[in-house]
Amino acid sequence: MANRFFVSPAPHMHGSLSTTRLMGDVVIALLPALMVSVRVFGWSVLAVTAVSIASCVLFEYLVQKYLVKGEVTVNNLSAVVTGLLLAMNLPANIPLWIVVIGALVAIGVAKMPFGGLGKNLFNPALAARVFLLIAYPVQMTSFPQPTLEGFTDAYSGATPLGAAKAGMVDFASFDIAGMFTGAMGGSFGEISALALLLGFVYLLMRRVISWHIPVAVLGTMALFATIFAGVRMEDSSMHLLFPLFHLLSGGALLGAIFMATDYVTSPMTTKGMIIYGVGIGAITMCIRLWGAYPEGMSFAILIMNSVVPLINKYVKPKRFGAK
Amino acid sequence: MAKTFPIGGVHPSDNKQWSKGSAIEVMELPDVVNIPLGQHIGAPATAVVKKGDKVVVGQLIAEATGFMSANIHAPISGTVTAVDLQPNGQGIRQMMITIKREDDIWDEAIDRTDTLVSECTLEPKAIIEKIKQAGIVGMGGATFPTHVKLSIPEGKKAETLIINGVECEPYLTSDYRTMLERGEQLIVGTRILMRAIGVSSAVIGIEANKPDAVKHLQSLLGSATDIKVQMLKTQYPQGGEKQLIAAVTGRQVPAPPALPIDVGAVVCNASTAVAVYEAVQKNKPLIERVVTVTGSAVTAPKNLLTRFGTPVEALIAKCGGVPEGDVKVINGGPMMGRALSNIAMPVMKGCSGITIMVGSEVMRGTESPCIKCAKCVEACPMGLEPYMLAKQARKKAWDAMEANDITSCIECGCCQFTCPANIPLLDFVRLGKQTVMGIIRARNMKK
Amino acid sequence: MNTLIFTILTLCVIGLVSAVLLYIVARVFKVEEDPRIDETEKMLPGANCGGCGFAGCRGLATALVESDDISALYCSVGGDECMGKIADYLGKAAPKKEPQTATVRCGGSCEKRPRTNTYIGATSCAVASSLYAGETGCAYGCLGYGDCVEACLFDAIKVNPVTGLAEVDADKCTACGACVKACPKGIIELRKRWPKNRAIYVSCVSKDKGAVTMKACKAGCIGCRKCEKVCEFGAITVENNLAFIDSTKCRLCRKCVGECPTGAITMIGLAPLVKKEEVKEEK
């Protein structure tokens, strides 16, 4: 008898999903935005990305192999995603040693001490970005000018949000179309709304994420901005322009689509996701309008990350048959 | 737009192609059969024959023990050689009646002709009594005694009868073939069931991957309006009783201990309806059923009309034998079936198919950490949180599981099917459910 | 300079106010508790294993202090010595118990009990046991997925990868009973602990008929009653095709060991019985 009989409880079939596939899809969804950045800022973008990914993977490998002395699971691509997201939250001309420090914070402080994949409370890439923002404020906020022809004279190193915060410009002069295609200053992952939306559509099509978090975040921001514009701005042309400006500028789209939807640090139920998204949107707008920083997306997501365990505990899905 | 259930669900590949084209074949009579006394939900039946007794086909050999139990009849004629413990498909020894076959002599009361008897003038009570005598249980796999289901408790009222022709379990085609080949009997059986519970309309629910079954039954029904054939979206677990009721009527059965009758629905499997026809119109007790034998490596997948007690290995042998190498033989389909450690197991009332998985299909993926992707929460058709329940079961936090509605779990396996980290969610959720149900039973006993 | 003084003063005031508040809160919400509970808890081993039936050592300490008759309360981790000390401290009669060891009553190693199938479900005895009989022909034996190992807080039980069976390290075992509760097959029993961890027990719990047991496992008890007949102390009973040696009656005379045709009676720390004369001399 050449047969070996196997026994296990049901189910005996498994779907096509795997952690590696989901992570790989996130990487694919980020590629359009990365490509736009390369075109706008040049090859330095690739250097930052490569260093970020390599150091994240290396740190995860080292921690798993020599500190935890457990199984090495870097091939599930989660460290790659963290590295890529971290890179996309940095300016293109950042010194590479700062990128390495960022990776160390992301993996060594925000992820592994909590127990590794699936156990971290805060989004590692964002925790690292905020650390860098506070530790190296100069390098983190001096954004290079887009080198693409035709856009060169645009904002002389300041982000649209930074300029708006400083009261230097009036909103009407902003090039909304440029914000779609990448003609604005900023961390290199966040400049092109179009590329990010393309990634969003891909993630939705592959059913990697659901629409709830991004829509809740962006919807809340738009609502917030509309009310603010309606109450505080006399120029009625601003009532539409102001919310649009806020949705397209800074890390709004990158944050809402890629950072807030990080599986580990977002809620498990759709109801919870909406609460979480609304929280992020509201906190982001509060920081943008009244806070000390021009951009509040990172802080908002991190603050809401800390609420997630509470949301998971108290927000239950609607049970079948419940009234 | 095909109807479907409101939340959750997954889409496994149905793999029905291997056996769906094979017409029902009659399986050769086995020489020896083992008939387990417990092959339904509820108390095992009590044997009424002893070693040395002669029996004929259709003769009562074990009597229902109380209301929640079912009669068992001799599937072959011959001599009882033992009433003893025998290993079941899971290797656990249970009471079985062993009969050695001599010829094929039937009880004279059974009408063995093919003539369709569509007229039924019996009173509802008489119909239910006949079904009870015939030992009919739900043949979709749950094996709930049918007479219990049809006895509507006082104060409740049945409004719709739903015939479950969904067969959402991948691989299996026994209900499908039954609907195609025994449609007339199915329709008469449905009308008898309607009469038994006093309703004027019935719906036959069929998944969209079986359009020919839908068409066939519709053409048989012609202009009749009492029975409607409803096509449903192909989505697992469409055939779950609660899911089917929700898909067809839009009503959701509340959490246990509520039953389908609480929303006015009675659900019977398509094969059960055919068995009801045979019992009521032909006096034929439940002694055989259609069993699908299928799998990617099975040489000749078939749908076999099999007498109960026939060893599973005999069926597999008829379909080309157990494929070489690593195999998993499953009693039922791949989503909810039970893997066998003993393929000498006899075919029982709830055995709708034998699925054989080979090679890489057999293995489970390596478990990795939960990434909290919430796919299990999204897939759960009962609106539960499998990731949390599985974690609590590992920690033996039974109280917390009860608070998180573990008793609603229907063990459909969607959570584990979809989990990208290959976590054996249902293994632990099921363990927790069994434990919590035990705790609840013990608590109710105390009261 | 002013800033400095102001800062220091502010901090001092905050500190002072907090201290006062904490003091008041501590006074108002103070729970009156017998100070002996704290002392008793300190005397207990502090393993919080739950073997005594309470959630933790404090639960047992509270019960020890509050009940007059403590004979039914016992900490098997601390043993007679620890209970004696506590009883002295509380001025009550010390509860006594024979020391015990957890014993895994299955000898169906991989070699003795051939595998008929391979289990690939969740690594948990409870899950496997609720699914089916197991990887072998025996529905009673050790599954070897280590639910007992997980339950043990004292690192005293391990699954031997060679035999596939759970094994107890008697020196580490505290007889807390956690493994006994964890084993879904009910194989583990708390038995009287002899000096040097000597033991004689039936390493089988199969209630199958002899022929069935023999087919499934070469080391199983077939219920032949030979051991029952040879035992002079009435320690062995055979019920449901299974022999059981009552560890409180057994005197380790070793007579039954040689009688067992399948070797299901396991002997630990004792030399096999050679001649009858020797036994008499020993007595």
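To keep things simple, chains are lettered A, B and C as they appear, and every chain counts its residues starting from 1.
By our rule, a contact is a pair of C-beta atoms (placed from the backbone, for glycine too) under 8 Å apart; a residue touches a chain by one contact, two chains touch by 3 or more.
These figures come from a predicted structure and were not determined experimentally.
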Chains adjacent to chain A and to chain C under the stated definition are B
Among the chains here, which has the CA centroid at the largest distance from chain B's centroid? A
Can you check which chain pair, B-C or A-B, has more C-beta pairs in contact? A-B
Comparing chain centres built from Cα atoms against the global Cα centre, which chain wins on proximity? B
Taking each chain's centre as its mean C-alpha position, how far apart are chain A and chain C in Å? 51
Separation of chain B from chain C, taking each centre as the mean of its C-alpha atoms, in whole Å: 42
Distance between the centres, which are taken as Cα means, of chain B and chain A, whole angstrom: 48
Chain A touches at least 2 other chains through residues 4-9
Two or more other chains in contact with one residue: find those residues in chain C. 116-117, 120-122, 127, 131-132, 135
Chain B: positions in contact with at least two other chains: 338-339, 341, 362-364, 424, 427, 430
Sort out for me which residues of chain B touch chain C in the complex. 87, 90-93, 338-339, 341, 362-364, 424, 427-428, 430-431, 434
Can you check the complex and tell me which residues of chain C touch chain B? 116-117, 120-122, 124, 126-127, 130-135, 137, 139, 208, 212
In their shared complex, at which residues does chain B touch chain A? 6-7, 10, 12, 170, 242, 246, 252-255, 258, 322, 324-330, 332, 334-341, 343, 355, 357, 361-365, 368-375, 377-378, 380-385, 387-388, 404-405, 408, 411, 413, 416-422, 424, 426-427, 430
Complex contact set, residues of chain A against chain B: 2-15, 17-19, 21-22, 73, 76, 78, 116-119, 210, 263-264, 266-269, 312, 316-323
Chain C-facing residues of chain A, complex: 4-9
